[in-house]
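First chain A sits with chain B, and in the next complex the same chain sits with chain C.
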Partner chain A sequence: MPRSTPLGRSVRAGICAAALLSLSVPAAFAQQVPIKLGFMTVRSGALAAGGKQMEEGMDYCLAERGGKLGGRPVELITVDTAGQPATTKTRAQELVERAKVDVIIGPLAAFEALAIDDYIRQVGVPTISPSAAAEDLTQRKQNPWFIRAVGTSAQANHALGEYAAKDMKLKRVATIGDDFAFGHETTGGFQRAFEENGGKVVQKLWPPLNVADYGSYISQLRTDVDAIYASFAGGNGLRFLQQYSEYGAPVKVIAQMTTVDEGILKSMGKEAVGVISSGFYTATQDAPGNKEFAAGIRAKFGYDPGYYTAGAYVACAFLDEAVKAVNGKVEDKQALMKALRAVKLDRGPYGEVTLDEYGNPVLAVTIRKVEQKDGRLQNVVLKTYPKVSQFWVYDPKAFLANPVYSRDFPASKNIGN
Partner chain B sequence: MSARVLPYAVVLAAMAMVPLVSTSPFYVNLVSQIAIAAIGALGLNVLVGHAGLNSLGFAVFPGLAAYLVAWLSTVGGIDPVTAGIFALAGTLAVSALFALVALRTTGLGFVMITMALCQIVWGAAYRWTSVTGGDNGLSGVPRPGASLLPLERPEVFLWLCLAVLALALVQLGHFFESPLGVALRGARDQPRRMNAVGYDVWRIRFAAWMLAAAWGAAAGLLYAWYHQFVSPHMMAVTASAEVLLMLVAGGAGTLAGPLIGAALVVLLKNLASIWIERWVMLLGFTFVVIVVLMPDGIVPGFTRLRGWLRRLKPAPAPTLVPRERADG
Partner chain C sequence: MTFWVSQSLNSLALGGLLFMLASGFSLIFGLMRVANLAHGALFMLGAYLGLAAVKAGLGFWAAALTSALLVGLLGGVMERTLLRRLAGRTLPQVLLTLGIAFIIADACLMLWGGDPMRLPAPPELSGAVRIGDAVFPRYRVFVIVASAAIALALWLLMERTRAGAMIRAAVDDVGMAQAIGISSSTLFTAVFCLGTALAGLGGVIGGPILSVYPSLDQDMLPLALLVVILGGAGSLAGAFVGAYAIGFIYTFGQVLVPDLAYVILFLPMVAVLSVAPQGLFGRRLG
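This part shows the complex of A and B:
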């Protein structure tokens, strides 16, 4: 069989070459196996709008890096948790046990993150939260396998509390917020910093999360106060501000980040103009790298990035840095987790950001005001507090000795004054 | 083993064998979820299928049991088995009180009152933050376990779920054929006549309610141990509706229906979603198809189908019997 001889020879030569190649650059060869990245988002139900923004942030991050993180190609496995804790748990099992992912980015809601908290601990898969803000995830119940790419609920609200008392010179404030953990924690953080700087919270209202009409709450809101502090999530901020303006908006509104987040601001009208809020991310903030990011998102998706878009992008950027730090060896989960906890970005949506020893970002918090600019509503930065940690000015130990912010903590001593 | 028990035994045995062939614990856990959902659906079947009482608040039973066991074994610090027993007892006690309210009505009124009762408990779980953790729920619920029965292993937990499911099937199979079960269906179809012939319809319904509550609580216990986490979402109206959906899809009033419906819903929700992005639409489409083709569920649907097929077969020609003509 004369024809098979050259073929056989070339095959043999090929095998030799491959063997030599694999001897000389084993690491490079191994790195071509993709990183399996599990991404938990929400595509159905009430939280789907945030889920879509998260997917866009993730999409943008991977496209920017040519589909590679730390030099290794990425196999993205996206699952829909439907915003249900039980489904989230099953999806996490699917990612870990069936798809055998190296790392998880997700889930969206705090109760989803809490639902898989124990499971993450058991299986030991590095998890980066792109949006879940529940304080205790990086405080009283911190998980060795969990870091966060967004601020805690109260992180930016401590700053707003101080700003309201010191810079705006507000004396008396009434608060209204969604009646769930995120609303309680954000309002708690604001109240603590505000009252410690001389302000008084004289009224606190908690409308249910899915209330159809804020009318009965707005008519209860006091008008003899200096401002209303509003803490709403999802589409609730839009509905509250609209209805408050229909009632004449007798008092000016200061707000928590997601009430006037860029993700919802695009659907708002003149009722939002003038609302002062605080956030750990603002699309217009002057942080190194943010201009490119915001312009890029605007060019690709046609809106300004907000909470969810930036959160998912930074989670992905954190992973990129950590994979670089471990030279692409994501299979060593302990080493990857160590690298994730030591992650530090100089540029990006947040500008410079590091993680504290609890796995929560230390970043700049901005005070911003909604203005009509360039034909659309934008949050314009008034003041920047650099390097804000989740513990604000407090000692972490003393902070953690207190209970988590809730309807009952900090105690409201000035109600009715 | 009689011919009626055989199919159930085969299905349960097949489910129990999944860990031997499965490549990943994911599928084992999925079968556990089917078993837990089936136990709940079997409980609701007592009310909907046999008592004719349509409930849209069934999730209150598993919800109460799950919250009780979670609270007792985390905050309360009681060992999981004792906590489980207390949770069952507590759920039954509360259910008995609820029965006093709910069983005053039937029909649409019963649908609304059960939904309202479930919403009360949901509201308490959601807003009584200091005890229930609010919407963040209670996490870190320990599974009972010992060196003999390591329940933290997925396959062992699956076998526990299947054992409870088998017990539910046997108990309910017996119950439906018992005099009480027959009386229950009598009270469903002809409550006034049953009353007239001397049956206490209220007490019969009460027994059915408590039986449903007991199996609902068992499912809730397993749910809390399986997820090791409880949150108010498990008592939302959608959660109650999902159990009802399982029952409607599988066939209310049959013994196999709840099992098939539970498998259908759990698999569509958790397995089909791996390949199909718009799995929610698939779920909706499947139910439309079921309702159009088999309005009373899969099990009765197939029974009817078998009947038709039998009719399609040419019936054996009647044998002609020669008879002598009378005038012959």
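This part shows the complex of A and C:
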């Protein structure tokens, strides 16, 4: 067994030197040592569009703050997870073990967040999710090192369920949504609130996530209903709405946030006009600070901000507040995490926002409608529900005693009616 | 009744789309024994080029033609400069085409960004027609007709022309074909151009239904492989029957037994392979 290689010796000498040096550094200098911020985005593959918007939201937040968060400069270490959970895990390890980051913002998709969930618990690095919406991340399986800067899957859909039944006076709705957890959870939230307010979900279709053609599903969609509820992510909303309009669009469409998110709305045509949806962020919403944000993003990048842009920006703004609260001492991870959980913003894309005790935002949810305005498609706000939590009007304990929303929960009693 | 009519039309449209996707792949495989894993990427490239051409002010039809020509040209270059060096070595060829697929996919992402985009159908084909009580998009009627026309044209080419006879001869026995004076070099390039041009054309024609987005290639390639495996590699009739069979099985399968939506595509393949490992119309390839 080699006892000590020359390399090993020189490394140790280096560490000693560094330790000596750090002893002699005055305390004030610590404020100038950059915060190491690990940022997990997606630059390749199917999710790259969302990743780009996330990077722009982050870039805008840092530029607005002069490259500093809570008074300390930021060293941004960006990694590309390619949207692959296995790669996400490796990149997280790189960030924590090689780059020694103080905090992580990312990753993009819920299945990526789940892939690093255990690892984050083990190493105890504060993590702010800028977009992963899976309910249980801040519910039944909450992680002490994890908070979220976006709503849960169902958060805005509870509101849409109530709005559809009470304000739109819809009685019968058929749903169609991507066959994965996000589709199930969004539809589940909508169904629960809609049926509790007197509506009936009479048909539920689940096309596979990468189905090439919605034709056969659209032919199955019932036409004797008041509306179709559509829950699609990524480019699927674009494809579904386009194909639905080709088939004559016999029934009006209401939708979950990402189906007509600003990030995809810019690629859509007249088939999207009139779609009513709900969201925890809308580019046109009248929240304190959003006008500046939306105009700023539009001036800098040439599009209206949506889900990913706002999510990454708010994640960064949360961190800014928390770093201020701990006077820049991000190295104390327990204290930073505590500050993150207590974070409160008065202004910004969401306007006023706080976190609940599970680390999930309580924020305003808007009902909006796609309209052609100023030469482009925009979501125009119809109604605002203030201070909506992930538990909607339910008691958190009772809510959490139920299983997470799925294909089977809530039970569908009105199918075929 | 309406149910059967509208879902049959859906099946035919999906089958037609699959035939346009798989025919080029099958053609190339039959003659050259190259499993061109870049086929899905070339399909996607075709869609992006078509979209770029439409945005540049070309009409849909001119864009489709331009895109097919450009992708065919690229295919020819691929064959001449890269694949030819690996003639007869299956595994290196497969890896090479896979590498090319990655390069094309990344280049598309760089050039056109990650946002999904819609390729609008030509205005004369937008809207829907009524067939009995069934409502069916006009553009899909066109897809059904166009794929049948392409199938017919390919059949005529293979069975009724001198070039087709040469291809068939080379498919049966390259050595013998060369011995009677057929230039296999020219033939290979020509067929590769034709096969990839079909992928490019398929991309543009599929665009208004599928839309154009970064992982389109990964969604399409397995479907092409499925059709070819079911129908039998290298057989035009096989690709034709395979494409429509999958169109029908998939459409009706997921409507009638929605819980099997994920495996329904693969069940017929497993069934066919267990009785006829060469596929429905395949021959044992030497």
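The definition used in the following text is that the second predicted complex is superposed on the first by the 390 of 417 C-alpha atoms of A that agree within 3 Å, B and C clash if a C-alpha of one lies under 4 Å from a C-alpha of the other, contacts with A are read in each partner's own complex, and residues count from 1 in each chain.
As a working rule, contacts are C-beta pairs under 8 Å (C-beta built on N, C-alpha and C of every residue); 3 or more make two chains touch, one makes a residue touch a chain.
Model, not experiment: these values are computed from the prediction.
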| item | value |
| --- | --- |
| Combined model on chain A: chain C and chain B, fit or clash | fit |
| First, second, both or neither for A:S44, with chain B first and chain C second | both |
| Touching partner for A:F180 - first (chain B), second (chain C), both, neither | first |
| Contacts of A:K266 with chain B and chain C, given as first, second, both or neither | second |
| Which superposed partner A:A110 touches (first chain B, second chain C, both, neither) | first |
| Partner chain(s) touched by A:T87 [first = chain B, second = chain C, both, neither] | first |
| Touching partner for A:G234 - first (chain B), second (chain C), both, neither | second |
| First, second, both or neither for A:E292, with chain B first and chain C second | neither |
| First (chain B), second (chain C), both or neither touched by A:D332 | neither |
| Smallest distance from any CA atom of chain C to any CA atom of chain B, in Å, after fitting | 5 |
| Shared chain A surface residues [contacts with chain B and with chain C] | 44, 179 |
| Chain A residues within the chain B interface of the complex | 43-44, 79-80, 82, 84-87, 89-91, 93-94, 97-98, 100, 110-111, 114-115, 117-119, 134, 141, 179-181, 184, 406-408 |
| Of chain B, residues touching chain A in the complex | 24-27, 29-30, 33, 126-127, 129-130, 134-137, 139-140, 223, 227-229, 231, 233-234, 269-270, 273-274, 277, 279-280 |
| Complex contact set, residues of chain C against chain A | 3, 6-7, 10-11, 13-14, 17, 106, 109, 113-118, 120-121, 126-128, 134-137, 139-140, 208-211, 213-215, 218-220, 223, 250-251, 254-255, 258, 261-262 |
| Interfacial residue positions of chain A with respect to chain C in the complex | 44-52, 179, 205-208, 210-213, 215-217, 219-220, 234-235, 238-239, 242-243, 246-248, 250, 263-264, 266-269 |
